[in-house]
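Same chain, two partners: subunit A is paired with subunit B first, then with subunit C.
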Partner chain A sequence: MPTSPLFSPRHFPLQNDFLPQKGAYRLLPFRFISLDAQQYVLTNFVGEYCVVERENLQALVAKTLRPGSAAYSAFKSRHFFFEEGETSALHLLATKYRTKQAPLVEFTSLHMIVPTLRCNTSCIYCQASHKGAAAASCDMTEATADRAIEFMFSSPSSHLKLEFQGGEPLLNFDMVRYIVEYTRRREAELGRNVSIVICSNLALISEPILQFCEKNNVHFSTSLDGPLDLHNHNRPSVEFDSYERASAGIVRVREALGIRAISALMTTTQASLLRPKEIVDEYVGQGFTSIFLRPINPYGFASKAGALTHYSVNEWMEFYKTALDYIIDLNMRGIRFREEYAALLLRRMLSPYGTGYVDLQSPAGIGISGILFNHDGNVYASDESRMLGEMGDSHFRLGNLLHDSYEDMMLSDVLVETLRDTMTEGVPGCSDCGFQPYCGSDPVRHYRLQGDVVGFKPTSEFCQRHLALFRHLIGILESGSPAADILKGWIY
Partner chain B sequence: MKLADRTTTKWNGESFVVRVTTDASRPSPLRAREALLVKDRAVPCPPGFKVYLLPDSTSLESSPDAHVVALPPSLAYVGDGDILTVRPKTGDLRVMYRKASRHNSVMVTPACNNFCVMCAQPPQRANDEVFRLLWDAIPLMDIDTQELILSGGEPTLLGRRLVQLIHRLKSFLPSTSLHVLSNGRQLKFLPFTQDIADARHPDLVFGIPLYSDLSYEHDFLVQAHGAFDETVHGILNAARCGLRVELRIVVTKINFVWLPRLSRFIARNLPFVCNVAFMGLEPIGFAKGNLQDVWIDPADYGAQLGEAIQELKWHRIPASIYNHQLCTLSTDLWGAARQSISDWKNIFLPQCHDCAVRHRCCGFFASGMEVHSRTITPIPSCE
Partner chain C sequence: MAQSGIATDDLSDGSRVVTFDAALYKSSAVKKAAYKYGGLFYVLIAQRDDHIEVRLKPKEPCTSTDALVGAFCNEVLDQELRETIAGETAGIRDLLLAQAFSKTTLIDPELETSEYDTEHSADSSEGQ
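Let's look at the complex of A and B:
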């Protein structure tokens, strides 16, 4: 630092004159967790983190850090403490906390609607417990649909999203059309803004459907599990080649509605575990710029078909890391491609903004981030709640569109009590976890697997998986390697 | 290009502003606030102008109302629509505003509550005349003026008068962008900030410097204890009141190493700013006196500047680079570089003559002729 005569005390006080006294600070709330054998991750309640050796963690608390040292600077910059007389730190923290929690004010954005439970594929992990394509009793009625749409417009969200789930929505396209037209009409009347997506296997896509979707600004989301044999192994159909139909459908949707009008989801089965690169290549080859590597859900057929679908958190993480490494490698070679779950977690770690992803909220996102209207009018707090319902456990059923009011359902005991119990800030095992600001609650999964919405974290695979994911991502970010820069490019 | 000089003509009277015109047949009501630039001495001067500017020194006599002023050759470039301040007691003439320029910057007060080690315009004692002359000049400015920069000193030290000034600018120059260069410390007073916002100026940006993410480093650079805290409060208040904020960061030998973490801090704490500008040092004022301690060759901080800009890019925060010659920047930063040096103090070096990107380059501060990067080299054309 400058020490020349020009900075003589007479004219310009020296930098050291501005340094605070050692230990003249007040600690702000933070949590910590081990990253590896030597290092700890410290996080504050607005989600900023520092990775330090144990001695610096101790020095922070003991207030023996040397002012001006790298560790002192890092902690101060991220508001792990504030110095005497400084009030801007508290104001910045307040602003950051408000910013992070802003999605709560938005309330329910995602509204899933099941126009039919009928389906024409028999996926080995099916979460919706499909019925055969002929079972007409699984179709939604217009009266139910009307109520569902009005329910959606009761939400104050400025970005309403209507998502058709199944079954296979295109098997009841008349109802899809009815709902879309009704929604667009009400949207204009009410001056609202709704984005509409159909989740479909695309087997029944046709010219009239595409024209309707173009006219009404409807997008598609489809499932693509990997190369032909893997996709067809996971998603067989007795009527057609499921891979061929999906691939052709993707091309047709892109040509008719534009490249942004289609996204794809993959589900990882045991058969997928050994083929991470092939799966990524399949997505690259089909022209996608991202992939969402999803572990299997313990619902629906997935729970019955245990042998076909079951794997451990470690097996999953090996698969995930290999795929992520490969994706990073692709980026370094000039192919822009991202993994969406990593991008979501990175956004939670590195950006000042909150995210609306239903399964990673505190309190849980059920009901207040996303909600589902089943074909029979039953309203479930999430898609997973509906699957549980189809399996005979209607614990998370909030009511029925034909009998209950919006207020009754949104204030139902099951929803309010679950939300109360799922604030990770106060949940045992979460409240003192260093990754709490990045994580969230999945009460339906914990209820299903552990019989309790809070869950027991030491044996929770949700907890184990997320601990591993956070450690892995922070490990890359802190490595200082070019891979860290690739990940930072995914934040927005 | 000089903006100020001294004329031989003096008389006893208060300072005033006049708008220059070359049109001897201007409508009479306009003449009282105008200076006629007399081109042809042979033609008799029409009556009514406040000042008659003559390109060379003469012994013409002034009447009590109309003054004949010898225009120094250094200011001979003034033309229609430009505004001059005249200080009769000393003969000081200053070009306050040039109609043809896109870089009109006016000082609203010379006083400042920071004392930055690299200040290009060291603060002086408060001087009400500066404000009064600007106040009078506003109605004389061209209504199509694109942008006006209010600088200092520290404009917010004017308090209520700054609010009145912004109202006045909105009234007389409704389509002119207004950029207030302020350290933001006074904006910590929320009612004051709210008053500024309540002026509802259609295009107002506060350009505020933030030199570090750490208070003791920022306070050192601006030589004021507690400045960081007040500036941050000010920026938050500005955002809260809906005022747009650009962060302006002069890069010096002292703070260049802080830039990457400063960017991280901005992205995390102040993501609402409309731009972050990294500015090359203008080697005058304190910067000249402290040159060996504050100046650093841009070639020696390219890595830190690149990292700082990349960090902002990841967070979708607009960033730009001012006052840097393109040949001192790696080509991936050229997109952020702006031609930012005011035209009147902007020059090029002889070797720039052959440069293929000179037309995109900001050039040099005229004051910085001797102080420039060792990497100045003409960029060959791509052909």
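Let's look at the complex of A and C:
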């Protein structure tokens, strides 16, 4: 639908804006990156941005912008420079920067626990390298669980989150029950606040389980990869129809615990790439109000499945753009629906607040945003670290609950050195990047794919994907179309 | 092919040699651009008397080498601009970080101007 061009306060034309000599202002720290062949994105110290042509960028640095011009006003209001004698810009920037970094003070919020590695599906991308349902040696013991819970309560976070991962947690529901009851008891004793989520394929959901979850305020997260044939292709089981169990489970959880008690995640495989609209339709049809379009992780069975799961950044971006356009179109037709990946990036780009999303933190989120307790007591810096561990590479194993203290593990060389070495503020390719305020460090992914926790950014798929995402979202925001307003409405 | 301060030369093995006038370009800016293009080229940088010589050998057979070499030269310009910004704002960046992570007010209204000017002057001279 054609729209009349709207004035964008972040995008202004050249209009006799330049002085013949230097003006009297001082630059504030900022970064820039090309948006396309003509334009640059400039981000200030806290990530507020302007889109300009190179002439304006050069004039800004050369201090030849004419006071009162549109460019001068835009750069000044967004703190790209300050005038002599002005101090409010410095105070404002410092306050905004502190707000952005506030999640760091919280320290570890997300604590993932693996009550069993057993599973009853054989997902083609399984990140946990699952074991058969009868492999009882893959179950967590009570002694290990006790240590895991006490470890969690050692974190100063005011919003602790305990997430059961697998394997399939419901295959060892006795241990889930034990951990939940222990956690709720300690939560009351310590005056803490813990939200609890079970990540499950829902195949074994039952009335007693739902009653227990209602009593203990336990929510669910499940996997939904798309329509029946796609879901079952990605997540097959020899015991049951995976799609049918997930769909029925979603309904049962909602009926028992409420509409908000269940969320769903999808993983993009090669088979998903040609079906973006059908995947979105599946989520809308099942009553969800959002979808997180996730690329596949290169761990576990996903790394062995080859062509079944692998695709290029460009292929995924085409899939993503098609799905995003479709979601925007749904919104224009009155269906309120959000894409979560875009929503969290937009929150980082347009709001003064940081996000707790583990994969986009600097310092990296491993250990200090999320941490994982495996069934055998091994503590990993992230779920992806555990997946590497299951593949035989324990590089990011911080220790074992039965042998090592909280302090030993949180101050372990591998964690501290990795966090120190991978901060985007100081690593090649990131420190000068215009999108640095929005992006983050994923040392585990870079270690896995490039053999180095910092990574080589020019060939990093993580870097390529996020550059493409930021550019695409800014392109929409700057288009002046109704789509920009829809994206802004997703920020929460 | 020559641009202001830049000269390029083609070699038989497909490499291109780009020469930057050392009076106009910082070697650090050239290195940062070389890093960014390290996925496309094998890069060798040499400092000659009054110029910086960059040899770019495509990692894969390429039909758009000229365009890529041109983009590399523009990237050096961008890196020069980034160095100018970083040099001029280093003191303010440190001040902002100190203020952000301190519960006390480091920006003292009475001392702010003189302290800042001293620091800023030092940074400016180092950055040139």
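List of remarks:
Here, the second predicted complex is superposed on the first by the 470 of 492 C-alpha atoms of A that agree within 3 Å, B and C clash if a C-alpha of one lies under 4 Å from a C-alpha of the other, contacts with A are read in each partner's own complex, and residues count from 1 in each chain.
Just so we're on the same page, contacts are C-beta pairs under 8 Å (C-beta built on N, C-alpha and C of every residue); 3 or more make two chains touch, one makes a residue touch a chain.
Please read all numbers here as calculations on a predicted model, not as lab measurements.
Applying the stated contact rule after C-alpha superposition, one finds that A:P352 touches subunit B and leaves subunit C untouched.
By the touch criterion stated above, A:S77 is placed in contact with subunit B alone, subunit C being left untouched. Touch criterion met: A:P67 reaches subunit B, while subunit C stays clear of it. In the overlay built on the shared chain, the residue A:Y492 is in contact with subunit B alone; subunit C does not reach it.
By the document's definition of touching, both partners, subunit B and subunit C, reach A:T87.
Judged by the touch definition given at the top, the superposed model places A:E48 against subunit B, while subunit C stays out of reach.
By the touch criterion defined above, A:Q58 reaches subunit C but does not reach subunit B. Contacts of A:F32 after superposition: subunit C is touched, whereas subunit B is not reached. Across the superposed pair, subunit B and subunit C both touch subunit A at residues 85, 87, 91, 95.
If you check the complex, the residues on subunit B that touch subunit A are 115, 117, 213-217, 219-220, 223, 225-226, 228-229, 232-233, 236, 253-254, 261, 264-265, 267-269, 271, 289-290, 292-293, 310-311, 314-316.
Subunit C makes touch with subunit A in their complex at residues 32, 35-40, 78-79, 81-82, 84-86, 88-89, 92-93, 95-97, 99-101, 107, 109, 112-113, 120.
Interface residues of subunit A facing subunit C in the complex, by the touch rule stated above, are 26-32, 34, 45, 57-58, 61, 85, 87, 90-91, 93-95, 97-98, 101, 428-429, 432, 456-459.
The residues of subunit A lying in touch with subunit B in their complex are 1-2, 4, 6-7, 12-15, 17-20, 48, 67-68, 73, 76-78, 83, 85-88, 91-92, 95-96, 350-353, 485, 488-489, 491-492.
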